[in-house]
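In the two complexes that follow, chain A is the common piece, with chain B as its partner first and chain C second.
== the complex of A and B ==
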């Protein structure tokens, strides 16, 4: 099948799911019964760490949403309002933002002063409900999330039919779209041997300017903080389909560790997407607090741990995927030293220290944590 | 008093009460022109009410404020009381601290407590305008009414009569006082109007007529034709007495032995109780009270506090009564709910007191403002110093959120409600002579709080019921409006017609509402766990600190 036929098939499946659900509701009301839909719970209460697959997954808890219920009627109405807007969108063959959907569906309910949605904060969770309730990916619903992050490196890709050589992307790189499914993005001509994910775009720029990826035959990506769905999915696909190892380079602080954790195990919020996004084999290449002594960094570049940092570290210490001996040592050392380090701390040695010495060293000596 | 033969001793002379007032008028509630007007009306009305009640007459009181200029007014207060005989008339109005109200121990419940009130108003008028007060009074025996124009001699605290006449008066008996003064009239909070209205609430047996400076007349009709029971005088109760007072009583008593001292000077103490107290104190019943040492007095007071004594006799206290208080509140406001409670008497510092509370809810009362608070002591409204009053403290110490009102922190609650707290006592403890705030005795706060909580519970029941009813009405609207929306979406998803779908939904909604099978207010998330899986707690980062 062609990518286009694939897309058509997915569209038809989603539309059928919507139609079946709507017809079931109509049948229920004809039987004078209370219409209901079941939606998996997405909160912390229904999230667990799957020891076998090494990722955060959504549990089996479900909420039943009924229409004739004072507390649920509004959400029930909203769910189908969004579904009907999505149907229109899918049929038109276009893709839009979740903010657009909010504006498409917001209107005053007849005979009232009440609005179908008071705020986008109200419509976003309904979209997520539909994703999990109808088992549909956001892109399958013709929706894209925010786009953040960029990629350059030893690979050529095809995006929506356009061939793009990621070796020739100048200083800015290729902006990763939110939908990078095989129907949209295909890989061609890969000469990369690994993927390096960098927490911060400023540090990523250093790596790009120094053409680190050319010298070391790799792909470098960043996500401006916690990476958005597109970046996570792209790295996962590159890693799976081209069998490339993934290295993660983040600050030596709780937030950096959280970003690593999201890439590796998935997040609580998007637990239902872990199966497509988590990369359990991702390796933590730095920055380690042990690097402070190892590279003789000056005291001036350290940042004192705040109370909240200490609290978070002690929580991370209990995470199931941080139970290995070397991870425990890393976290305890951070607490013992009482400070954190940013990637830029390495620039105290030399601006390109990170690309010329630090990372090549780490890779050569296989100094990473898993 | 002044000794005119020895002027050299002037600096050492005792100043007269009137002179003291002139220098310290703020202590008595004459500190500003608005307040002076209110205090004057208040003192005159208090006197009228007390006079009527002691004469067993259903009070009919007429209050008028005449305006001469923005800063000059005349107050006129007239009652149908028994009237004052000519020989006492000048003294009753022209001498501070006149009369029998100023007592030391025990006593009976009355409005005015120090007898300083009305003459203070006359003195204030005299000091600000230079004009005398005019009083008219007629007793049943008098053929004609006595009319006096009088001033107060500041140095001697004695009335100076400027003119005296007799007139024909269409009243059988009664008293009228007219005082001109520098003042300011307002209709805001703590105003004369407010005072009259509140007085009407706690005096349901009174008809009050008020004529404001514009000539507008308002009549607050009595809601009951029965006078409150005449309060009786009683002695102090052993449980609340303090050492200082006990020592004074020991010195001043005519009893010759401790046992008879206890029996004759205290309420609820008979020979048995007296023996028990003395046994606990380890004192000989025959000791002469005047020879009791400070140590012995201390043992005695401990024993008095600890002994089992009957609760103070309530005969000295005259509650308004829960039924009447409720009725009175209902006649003042258009309410959806009212409840009142009268507590049994308790004691503070040897003085019996009782607390009454009424709560009104709904109707025209504004929902978005703080609750209207009415504080009363012995049927007198307390209009100033709300924040400094023990009754206010009792109100704010209740958690009103439990009882259907809003409350931020420990503040006066808000919501469509009115709260009345009345404290009746032989000797109401005020924080100052201007009688605006009840002093903070723990016993008083506790009693008031208990009464408020009981009213609160009743209020909560009502509010809960009302809330459920509103919810049912809301349900009907919600389902009707949402049905339209939902049907439109379902029609779009299935290609069916919208109109018949809407009708079906509305019909089912109506049936379910009728049958009461609509599910409750809370979002009941039926959680179903199909398989047990090993779960680990996750949490350092909140869900949401995440990508979109």
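== the complex of A and C ==
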């Protein structure tokens, strides 16, 4: 199938789900019964770690939203209002932001002073309800999220019909869009052997300037902190479809571990999307607190753990996905040393130590955690 | 001159300034006098609005930093320590982040327990001192800032030797790097007739998806809020070197006006860089609060001004660069209406109203403020 046919197929599937659901509601109304929809619960009580698939998933608890119920009537109305705006959007072939959907659907209800939505805080969860209720990725609903991050490396991609050679993207790189589904982005001519995700923009620039990706045949990506949906989904697709290993390079601190964790197991908030966003085979390649002694880093580059850091590490120690012996050792060593380390700490050796010595060493010796 | 020769020339000039300054210090020491350096003051007391050039500039007040002075010895040492790290960086031909410079230069002073820097908060102002003291853009010192934003449109650029056609950048666009000086980025084959800077990522996506830049022969850029240095400098260079008008599209609120103001007049913090960053000919194309009535927007999309907004507007009313009659009317109307408007408010009409009707109208009728 061409990208265009792919797109049409997904659009048609979602439109059909919307139509089926609406028709069911109309039938119920015609039978003079109370219209209702079922939506999986998204709260913490319905989230679990799937030991087999190694990712955070949503359970099968559901809530029922009925129209004739004072506590639910407003949300019921909002659900169909947004579904209707999304239907229009999908039919127009356009994409937009969740903020835009809020503005599209916000209006005063005829003959009242009541607004359909008071704030975007009301409309966003309804969009998530629709995602999970209709089993559709946000991107498949034609909605984009904010973007951050860039990619360069040993691959050519096609984005919305434009062929882009990521080996020739200069110092800037290709800005990763929010929607990178197969109907928008396709892969061509990959000569990369792995993917390196880097937490920080500034460190990514070091890797790009030193042309690490050319020397080591890889693709380098960053997402300025916790990577946005587009970057996560792109790496997941690259890793799945081209069978490439994924290495994650983050600061040696609780935030860095959280970023690694989100990439690998998915997040609790987006548990219903782990199936298409999480990358269980991702590997943690650094920074490890054991690197402090191994590379004889000076004491000056260490940053004392704050109380909140210690608390976070104690929590992380208990997470089911950090129970392996090596992980427990890593976390306990961080507590014992009492400090954290940033990737930039390696620059105390020299500016390109990280690209010329640190990472090549780690890869050669297979020094990573999983 | 080739880009490489350009680069070498700038590098040599800065290295010479460093060398001259260091030699002067050595001479002073040999004469057993108190070594000193002069650095222009960067505070509010030394910033003014230049009515002729229409930009915020740094005055000519200077501070003298001497070595034999308890209050200045530490800063004196830090200044030369960082200058020395920058010299090494420039000689290596590499670029890095200001965070990295902090890690490179932080160490415990021999035979003491004193650190050269306690925190990056101490090293950043020293870097700014060097920028202004040696009249060098941060980018010329081989330092990059964090990046945000992307560009597409009717131009081909060369970035670090790679030729990139910005007409073929798909939905993502070219991620604007931090350093876009002529020795890194060159312009080729421009068919654009103007530049449109858009405050918001999500709105930029609408313009890209609708291929506004192709239909209206332009370049579209965004910087996710206040644009970072790379985006500001790129637009400034495009506007100067290719003689293109610049239009700024922001929310109708104090933050939007601030963004427009930074692009046009420069910022107080970076007053010493206005000469190379500000774009006095930039025009404000929207959103204007008068558009509310003009385009019959629904009341629901308005956002009530908070007290802090009203206070900000009252301040802006007094800025010398907002004294024109039209600007005063705009600001007073915002206060009178008592609400602000986001760009997404236009989506209440329809998703592509902004690209198909609003902006074409504004451009055709020359409805902008300067």
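Definition applied: the second predicted complex is superposed on the first by the 370 of 370 C-alpha atoms of A that agree within 3 Å, B and C clash if a C-alpha of one lies under 4 Å from a C-alpha of the other, contacts with A are read in each partner's own complex, and residues count from 1 in each chain.
Going forward, a residue touches a chain if its C-beta (ideal position, glycine included) is under 8 Å from a C-beta of that chain, and two chains touch if they have at least 3 such contacts.
Nothing here was measured: the structure is a model prediction, and the numbers come from that model.
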Touching partner for A:118 - first (chain B), second (chain C), both, neither: neither
Which superposed partner A:5 touches (first chain B, second chain C, both, neither): neither
Which of chain B and chain C A:268 touches, first, second, both or neither: first
Partner chain in contact with A:163 - chain B first, chain C second, else both or neither: second
Contacts of A:146 with chain B and chain C, given as first, second, both or neither: both
Partner chain in contact with A:241 - chain B first, chain C second, else both or neither: neither
Touched partner set for A:70, first chain B, second chain C, both or neither: first
First (chain B), second (chain C), both or neither touched by A:106: second
Set of chain A residues, in rising order, touched by both chain B and chain C: 146
Of chain C, residues touching chain A in the complex: 89, 92, 94-97, 99-100, 102-104, 106-108, 115, 144, 146-150, 157-164, 168-179, 184-185, 201-202, 205-206, 209-210, 224, 298-301, 342, 344-345, 347-348, 351-352
For the chain A and chain B complex, residues of the former touching the latter: 18-19, 21-23, 25-26, 29-30, 32, 34, 41, 43-44, 47-49, 51, 56, 59-64, 66-77, 80-81, 83-84, 87-88, 98, 109-112, 114, 116, 124, 145-146, 226-229, 232, 254, 258, 262, 267-270, 311-312, 315-316, 318-320
Residues on chain B engaged by chain A in the complex (per definition of touch): 471, 474-475, 477-479, 481-482, 484-486, 488-490, 492-494, 496, 501, 504-505, 508-509, 511-512, 517-531, 533-541, 543-548
